[in-house]
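What follows is chain A paired twice: with chain B in the first complex and chain C in the second.
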Partner chain A sequence: MKERKVAVEAHNITVAYDRQPVLWEVDFEMNEGNIIGIIGPNGSGKTTLIKTLMGVITPDSGYVEVFGAEINRVRDQIAYVPQRESVDWDFPASVYDVVMMGRFRKNNLFHRSNTNDRKIVRESIEKVGMTPYINRQIGQLSGGQQQRVFLARSLAQEADIYFMDEPFVGVDAATESAILELMTTMKNLGKTLIIVHHDLQTVSEYFDEVLLLNTRVIDYGPVNSVLTDDNLKAAYGGQLNVLTKVGDLLKKREFPIREKEFKKRSKS
Partner chain B sequence: MDIGIVFTALFVAFNCGILGVFLMLRKMAMVGDAISHSVLPGIVIAYLIAGTRASFPMLIGAAAMGLITTVLIEFLTKKARLQNDASIGISFTWLFAIGVILIAVFTKGGIDLDQECVLYGDIAYVNLDKIIVDGNLYLGPRAMWNQIPVFVLISVVILFGFRGWQITTFNPDYAASMGISVSRWHYLLMSMVSLVTVMAFEAVGAILVVGFMIIPPATAYLINSKLKMVIVLTLVFATLSVLLGYRLAIYFNGSIAGGMISVAGIIFFVIWCLQQMVKKLLVARSDENVGGWLVQENKIIR
Partner chain C sequence: MGDINDFLDFVLLREPNIVYVVVGTLLIGASSGLIGTFAFLKKTSLLGDAISHSALPGVCLAFMYMQEKNAIFLLLGSFVSGWIATLLVEWISRRTKLKNDTAIALILSFFFGVGIFLLTIIQNGGQAAQSGLNNFLVGKAAAIQRFDIYIFSGVALLIIFFVVTFYRPLKIMVFDRDYALSIGLPVRILEFLLNSAIVLAIAVGIQAVGVILMAALLISPAAAARFWTYKLSRLLVIAASIGAFSGWFGAFVSYTAPDMPTGPWIVTSLSVFAIGSAFFAPGSGMISRIKLQQSNSRKMLSENILKSLFQILEGRDANSHDWIKKSTLFEHRFFDRIKFQKGIRTLDKKHFIIIDGDKIRLTKQGWAESKRIVRLHRLWELYLYEKMNLAADHIHPNAETMEHILTPELEKILIKELDYPEKDPHQSKIPE
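Then we have the complex of A and B:
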């Protein structure tokens, strides 16, 4: 196997809002070519962490490097899929308009799109199966379709590292499998995917490695070594409901099941 | 028809409308109203320093205060973690109060300055201040010639920076992830809003400025197609409001500003009703063929 480079490294990162730390001495190195999950309960700092990795938030202490360089020198190599609820979908823009934003760069804002941009935008829309909706206003799409638009926009960025914030939340089954398929394709192209996720049921299906987060890094590594009883207790604390589910999950780890089937089964 | 009044109103409407589109999309529609009040202390201080009621120093003072208002709103929202509308409310009432106190303190010596005269112009009187060259060549009211360069400035900034406005308005975090300075774009927009508000307020009064900043953009947004179309439609509705509003005012011998904003409001409701009817039709059709389009509230969901 060829030697792998470090894609993203964080050293001693602390971020606080109103003196209340949201991230505390977060320190890790992530290798390129992996699909990495960032897992943790609500409010554990997952969104804050990836925003800090992308230089959207400046940490109070510590530093981030991407491909061994300061983030501002490698902006073109990162792509971002924000949480779907973070924008106003009634904004007057079509699918095409939003995906075109993936071609914007800090220093081309005053130019117009060129033929290459338009070609890449159309291809990206095609890859997520949204071509029939290309001219539709984004507010008139379902949740899953909106998520695909965000995915297409990140594809149009033609980056090497993709940061995705909860891409599976509120999407239909078709979109879920479309996202999974894309993830595999991108991994095969050697891309690095860093994905915020909070559904424990599906973790072992989706990711090569996970980073378990609750303000501090609880553990980071291959899925099976991280998702231990002790680690999950440390991350989720006294959330009994979650813990029982997790207990069941651990027993059945070799046969991962979806949440819906899980509910169905537990009812009968 | 008084060409001077109509053209002054048109340019005020264009300037306010274009900026209003972005204020509305950023959920800051009332910022124009706020700035128009909070500039008062700036005007008073400029008057005290310059010692005249000439409009240029006052304009500078007012525009500076407009920016300070923006900074204050940002500060209260980000650092004090107040709701955006609460931050706007606090900022402008507080600054306006300071202005009132300043006037009370310094007009004891008989200085001729009150908020009515600096803040609330009336478009009916724009012709009192005309630009006349060579003693007889009449070029139109000064207020119109003040608005035209601002219109050119806004058009150029919006047109050339269109992608920047689009991305920093729709998804600021995403723009920041590309290294785009979101706050720089924000302050550029707010500077233009301050400039337009202050200049237009002095000349044509409050109702026109705040009305044109909100109603034509809101009407265009109802039709809700693409950002460029929203801006174009805003200009169309602004023009209609000015022309029809002027006719209405002359016909009833009423207030010109009142006529224009009334028409703007009527256009809004007409468009809204038309839109509701179209939706009803769509629902009726989707009842006929199951699996077709389903219309819910404002959105059409597949």
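Then we have the complex of A and C:
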């Protein structure tokens, strides 16, 4: 078997909103070519974690590496499917317009779309079965269709790692199976998929590996070894009191998360 | 207003001075409408209002410093105090318990209050040069000097250039900020540039509209344009055009009626566009929605007449083109008499029926159409009965509506899903 590379590694990430930590010392390595679920209760920091992995949020301490490099050097290799509710769907754009955003990279800020871009955009729309709606205003689509538009945009990014935030929420059965089919196709192409998910029922069906998260990493590994009674109790059963109390205290006293000299990225 | 000669002078650009004012106000209006579209899409319309009110102290301080109305310094003054206001609003809503709307209200009234205070000091100071500083409150387009016009036009062109060049990154950032960050767009720099462009547009716009009403020149064009299109590129073009026209209109009023402040007139023009769009825009406007409803009810009426004709013929086991008395139709089903007359006239025009005094008969086309409606009605009843498990005596009212809206594609699906049925739940035959 081919030696697998590390796709994403998090080194002691801590992230706080308004001084209250939502991620504590999160540390892991994820191998490429897997479908990985990030599972945890509401408010456990799942979205914050993938945003940090993609460099959308800068951690208060710790650092992230993607394919062994700093995120800014490998941005073209990542694709992002945000939560559907995170944008205003009344925005004046068609399905085609949104998917075309996937062809846009920071190093071609003033680039105009060429034939190749347009071809990829059309193919991506075709892959999620949205071709009949290609010129439709995005606000007129159903929830499932909107989710597919986001999927098509991520396909148009032609990346190696796909970050998806709750892609199965509020979608119809047809969209769900379309997403699952795409996941399998992409895995077979050697892509890595990191998917935030909250429905425990479907975990073993969808994912190769899971990361069980509740502010800190409870466990990470193959689905069967992670979804044990003890782990689930730790993630879902009640609050971890000490951690919550320390967080509240930091906020109240306006304490820094890390003393200054530790903030800098260091490999030692 | 002035006489007809003033009017012609202005419209035909008969004086060179008019050319400058017209070009200047067109550009100011267009750039405000353009950049204002992004403020509108970012849902920061109210912030625009706060920034424009906050420009006043900047204008006054610039004047006090220079002791004259120097366009560059006045522009700089309003730009700086507009930016300070923006940052303060952001800081207050992020760092304190106060919410964004409270922060906006606080900053707006505080800066405007300071501005009025400074203005009073200047006016009591009695310098000759200060006359006309009042124009910054409600605007006076025609009072702009030629040199100033160059500067304002330059700034307006800069804003237009910015929007055109950064069109795609701005679009991505305003639609989906996190996504923009994930692909590595310099979001903070873009936001800074966008905010600066908004503040600049306000700084030049207050010359024509005044600080009190400036927000309208920023937001109304986009609000009006939104009714006409859902493509961002077209939205920008329409908003810029509405802004440009309103700017021109303000200059026109200012020229033909020199005592009038221009701001209120520009806002009047903008409001006509916004309200007019809300009423008359095709599709999303109110008039077209009312029209659609009317056309629906006409369609329902004429289809109901056809259906009744079919049912009467079916009951008699009669020939498809037998004559039927109007009175028989009224016995069969309730029709409003006046609407009924309109309905049969429509059907006559479409050659579905032939009218002869108080008798009606179906044409071949009319027979096919009436069969189609009855077919849809009975198919839908069967669908409700079989697939949704509704009782046979509960399905009729729903089918009365659905028969008018089901498309040929849906009809095909229904027939297939019901496995090519022959009878409806009431054992009536489903016509071919």
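The rule we apply is simple: the second predicted complex is superposed on the first by the 237 of 268 C-alpha atoms of A that agree within 3 Å, B and C clash if a C-alpha of one lies under 4 Å from a C-alpha of the other, contacts with A are read in each partner's own complex, and residues count from 1 in each chain.
The working rule: a contact is a pair of C-beta atoms (placed from the backbone, for glycine too) under 8 Å apart; a residue touches a chain by one contact, two chains touch by 3 or more.
Given the structure is predicted, the values throughout are model-derived calculations rather than measurements.
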Room on chain A for both chain B and chain C (clash or fit): clash
First, second, both or neither for A:51, with chain B first and chain C second: both
Partner chain in contact with A:141 - chain B first, chain C second, else both or neither: first
Which superposed partner A:172 touches (first chain B, second chain C, both, neither): neither
Touching partner for A:91 - first (chain B), second (chain C), both, neither: both
First (chain B), second (chain C), both or neither touched by A:106: both
Partner chain(s) touched by A:75 [first = chain B, second = chain C, both, neither]: both
Common ground on chain A, meaning residues reached by chain C in one complex and by chain B in the other: 51, 54-56, 72, 75, 78, 80, 82, 86-88, 91-94, 97-98, 101, 104-106, 109-110, 137, 139, 163
In the complex with chain A, residue positions of chain B that touch it: 25, 81, 160-161, 163-164, 166-167, 169-171, 173-180, 221, 224-227, 229-230, 298-302
Parts of chain A lying in touch with chain C, wherever the complex brings them together: 51, 54-56, 72, 75, 78, 80, 82, 86-88, 91-94, 97-98, 101, 104-106, 109-111, 137, 139, 157, 163
Touching residues (chain side chain C, partner chain A) in the complex: 41, 43, 165-166, 168-169, 171-172, 174-176, 178-179, 181-186, 226, 229-232, 235
Residues on chain A engaged by chain B in the complex (per definition of touch): 18, 51, 54-56, 72, 75, 78, 80, 82, 86-88, 90-94, 97-98, 101, 104-106, 108-110, 137, 139-142, 145, 163
